[in-house]
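Here come two complexes built around chain A, the first alongside chain B, the second alongside chain C.
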Partner chain A sequence: MNRPIQPTYTLDKVGEENFALNLGPQHPGTHGVLRVVLHMDGEYILQADPVLGYGHRMQEKIAENMTYPQALPYVCRMDYLGALSYNLAWVLAVEKLCQFEVPERAEAIRVIATELNRISSHLLWWGAFLLDLGGFTPFLQALTDREQILDLLEEITGSRLTYCYFRFGGLPSDVDEEWLTRVLAFIKEFRDRLPRYHDLVTGNVIFHHRSKDVGVILPFDAAGYGLSGPILRGSGIEFDVRKHEPYSGYDRYDFEVPVDQNGDCLGRYNVRMAEIEQSLRIIEQAIGSIPDGPVRSKVPKLIKAPAGEVAMAVETPRGQLVIYIVSDGSKKPYRVKYRVPSFANLSIFAKMARGQLLADALAILGSLDMVIPEVDR
Partner chain B sequence: MNISLLGIVGYLVGIAALVGLNAVILVWLERKVAGHMQFRLGPMEVGPHGILQTLADGIKLVSKQLVIPDEADKPLFLLAPIVSLVPIFAAMVPLPFSETVQAWELNIGLLLIIALGLLNTLGILLAGWGSNNKYALLGGARAVAQILAYKIPLLICVMTIIMMTGSFSLRDIAIAQKDTWNVLYQPILFIVYIITVTLETNRSPFDFSEAESELVAGFHTEYSGMGFSLFFLAEYSYMFIAAGLATVLFLGGWHGPWLPGVAWTLIKIYSIIFLMMWFRWTFPRVRIDQMLSFGWKILLPLSLINFIITAGVLAL
Partner chain C sequence: MMDCCYIKEVVKGFFSLCTGMRVTMGNVFTRPATIQWPRKAAPLPDRFRGHIMMLANDKTGFPKCIACTSCARNCPSRCITVTGKKPEGAKKKVADRFELDFTKCSLCGLCVEICPVGALDFSRDYAMASYTRNDFAAMDLLQGLGSPFKDA
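What follows is the complex of A and B.
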């Protein structure tokens, strides 16, 4: 077997009682076509080897064979839960490369839509994580609320999952006042419902037993493995691209970067739950201060990027996405590289799963919030 | 007491009807309870409020092909669901539904039910071993690992009640509670009992042996069609028996005002089953080692102390 990740660990308890357990590619706990070969001693994991690539689609190569606008709808297919962040990253990268102007109203709407998408992604994670822990009801409760976000986004983007809404230089169409008031109404309603989530899960003693001190990531490891997003912040490192390298006007809004010092599953849970509230704050501010004006600046019909290179970092729901484009001056990119958060975040799983119980390993995998097409690209 | 052939046939027909009807109602109820707890309606299409949905599912399951994996241990694989289900027919014998409605009054009825309850674990173990599937085997192994952790507190619970009543007969125990239900004397014991029977019936938050997010479907991963539905039938029947036992041991059996005894028994049984469903659809799953230490370090001492105190009070 050709292992993408070479094991750095020798089995010190090789015996007849050890066995290899294939977790996936079809397994309810992996949330996608991820395969993890677990070397087990009873219920304990001696070694975990993630096997990637079942969903590899050559996203980078495909983008290199397309013009810049052609690649746009394809980028969002990587992270189907945070599609607008990917959409935004590609648009911003090309805008940075070609130095297109973006009207302020378009920037604000981009922020609103992206943050709504982030909430919906976190909601789905919340449900799926509890599903990994064996609780079924949270999943459907989260989907009920997520449905409202999908309806809102469907109205402006036309799709419900793999959105392609942003265009170079702005947006294809403006949103109306009625939509903005409905977003505000949703925020108000959702704020009322959030305490119910905490009542159901956060205070539950079984949930605490299952997530507290499980899968601890030390800050040193978190930085060393290149983790990002809520996992990095759950380990006590305050880094958020929206705060530290602001884009699309995030510096205009007042929001906090939630950090948890514990680094365990509960810490990551708390960070994500706090992030939902911060996203609500950002949307409120963006709607409150939305300027009038056009939503699209003048952009040439045929986009030929000037020769050069650009790297654009965006905070997706799962962490730091970097899109790196090298242009040779033609209408197609010469080289595209995606630095995706899930791939880096998964890299620490082998280390964390070692010596854990099977149930804990699945809790850890759930707390990492994997989107497998994003890992495989 | 004489046993006639007619009586046995009558009992078997009655019990088969009860087991089948109970499963139909409970599966429907479970889906409805789950639905309403999750802001949805549950089954609505087949029959009024989807009451016939389980029947439709049952017909589908019966008509399905029974797939036996190539590498499976065929006799064990086929035997396992039967081992799981058959003890139920015997375990329902001493269960009193009212002062007169009882299949057969046995003076060791309680012991019989507890002993037959163990066979369910054997069925799960056979299924796990016979499937030749690692997930199924883990599920079977978990079922065996947990058995001591809950059976001993459960037995101590039952012993305490026996000590209070002085009889192994379920009928006598129910009659002894004519004025005051045991749950008022023994509230802690009642909680211990509910936890242990949730464990015994493999219900969430203790559904280790099927833990769908960890073990795919646990011990019944390889089962389809009728094999799967027999396990299902067994699970819901064990729930019924466990709740029936709780009714007799703690809730005064058929005693209650106005309504006839059978109605009271059924109301109490289904209330306890509803409680167990409520657990399932609210709690995440406990980890197996946490459950084992909970069983040994909390449930066992708690029930033992309770036992000793009860003995002391009774001696005074």
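What follows is the complex of A and C.
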């Protein structure tokens, strides 16, 4: 990829030198292997060029060369922090295409597992974001709690990060009562620990100075750039796929879509913290109303989807994921398209970073909650 | 006027720092959350997905695999090589070679699910390390199992 090395945009600052600074691909301040070429004027950023493609694995092409079940483990490896949402999206898309039934118990367990995954993703974001801002304690604090979620999920899915637990028509195995009680126990304990998070960070003045009015996204821009998830909601637009196009029985649960009007890093922070609490509420309701019954309906072993196309939107921890499948009636998809949230969310970074301090750009990048393999996919 | 605001900020900041420090200090007196591996190991859940392994037939001690190759065909990474022969007088084939290219395996578990006779399972072996990748490029899963072809 040929990119202009010369800055195409300059701020009028007299008597200071301009230079290019490579942020990444392995800088601790960038997440994953994102590389950003920053054209700097002293401490100020003239232009930021994210360089993508280091993690490109041709996910869409791979899926087109796989049968529907074979593509399942690949999909989960796009977003390693919210793998279950991806898992869910692929499964739901194929189920919609082939019109498979899903038992209610399986739907409830899917919701529980996905929401646990969402909390663990937000916790890691919380830690990493504050690590970007220079605080080390929060990171360990968040990982301690995240560890418990990983343990719970490992028990039902068998893996700790790239979960692949949902199958077409339901789940491969049921969860037992004891696991559900332990999830409830975790929620209770975690609720007790949440105030600590706010004590440690939310009320902290240094944190406020670093995040308030930094990286403001106006609602107009947020919609225009196709942002989604907590970033869109942090700019005051109330949109959540779980609420507006409910899937997997989300319409049965009572939860709110947290919104913040400020559009700055603090706003996005507040939205995610509120989302953790909403997720806890959803899990509680799902466990409270979980029906008995089978967890997998009858689906053919060899899946041949009828010819046609399907688009399925799912709310991942980072925003709206859309999986679009075109089928020609064979056992492999003809065309697959993933619309991933991080890619759209990263697109606004160049605009936001312009004219900012380097340290603020790191705060902005942290607040966007990128997962780079998902951007490149 | 300015000064008064400034002092207020400082006092407020000091208190917010104290709140944060209280959390940090509180953690000093809790038990560590880490486990000192390898002296102690975290408990493995039942559904732990390690690398796949071949199960033995209870009666004969031979591998359960009937060499139907559906695992090899269904593996997304195409990392299973399996061949089999019919032992003399038997109706079904028995695997005489079952190799797993663990460098490619994504531990997805599709092979375990698809096997018609339940011959595969996940091992509970996770402390695997080696200096060369060749150690994992062709893992012989039949090792340690009996074979009807050995003495032939």
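By definition in this document, the second predicted complex is superposed on the first by the 362 of 377 C-alpha atoms of A that agree within 3 Å, B and C clash if a C-alpha of one lies under 4 Å from a C-alpha of the other, contacts with A are read in each partner's own complex, and residues count from 1 in each chain.
Convention: a contact is a pair of C-beta atoms (placed from the backbone, for glycine too) under 8 Å apart; a residue touches a chain by one contact, two chains touch by 3 or more.
Not measured: the values here are computed from a predicted model.
Novice: Quick check for you: in the superposed arrangement, does A:Tyr74 touch first (chain B), second (chain C), both or neither?
Specialist: second
Novice: Regarding the shared-chain residue A:Met66, is it in contact with chain B (first), chain C (second), both, or neither?
Specialist: Only chain C; A:Met66 stays clear of chain B.
Novice: Given the touch rule stated above, what does A:Cys164 touch, chain B (first), chain C (second), both, or neither?
Specialist: Only chain C; A:Cys164 stays clear of chain B.
Novice: A:Thr137 in the overlay: touching chain B, chain C, both, or neither? Say first, second, both or neither.
Specialist: both
Novice: So in the superposed three-chain picture, is A:Asp360 touching just chain B, just chain C, both, or none of them (first/second/both/neither)?
Specialist: The first partner, chain B, only.
Novice: Look at A:Ser279 in the shared chain and tell me whether it touches chain B only, chain C only, both, or neither; answer first, second, both or neither.
Specialist: Once the two structures are laid over each other on A, A:Ser279 reaches no partner at all.
Novice: Just checking: does A:Glu43 make contact with chain B only, chain C only, both, or neither of them? Give me first, second, both or neither.
Specialist: first
Novice: May I ask you to decide whether A:Asn204 touches chain B, chain C, both, or neither, giving the answer as first, second, both or neither?
Specialist: In the superposition, A:Asn204 contacts both chain B and chain C.
Novice: Could you list which residues of chain A make contact with chain B in one structure and with chain C in the other?
Specialist: In chain A, positions 137, 141, 144, 200-201, 204, 206 sit in both the chain B and chain C interfaces.
Novice: Name, in rising order, each residue of chain A that touches chain C in their complex.
Specialist: 66-67, 69-74, 77, 137, 141, 144, 147, 151, 154-159, 164, 172-173, 196, 199-201, 203-206
Novice: What part of chain A is in contact with chain B in the complex they form?
Specialist: Per the stated touch rule, the residues are 19, 21, 27-29, 42-43, 130-137, 140-141, 144, 200-201, 204, 206-207, 209-210, 357-360, 362.
Novice: Chain A touches which residues of chain B in the complex?
Specialist: My answer: residues 34, 37-40, 134-135, 138, 141-142, 204-205, 207, 211-216, 280-290.
Novice: Spell out the part of chain C that touches chain A in their complex, as residue ranges.
Specialist: Spelled out, the residues of chain C in touch with chain A are 9, 12-13, 16-17, 19-20, 22-24, 26-27, 33, 45-49, 74-76, 106-110, 113, 122.
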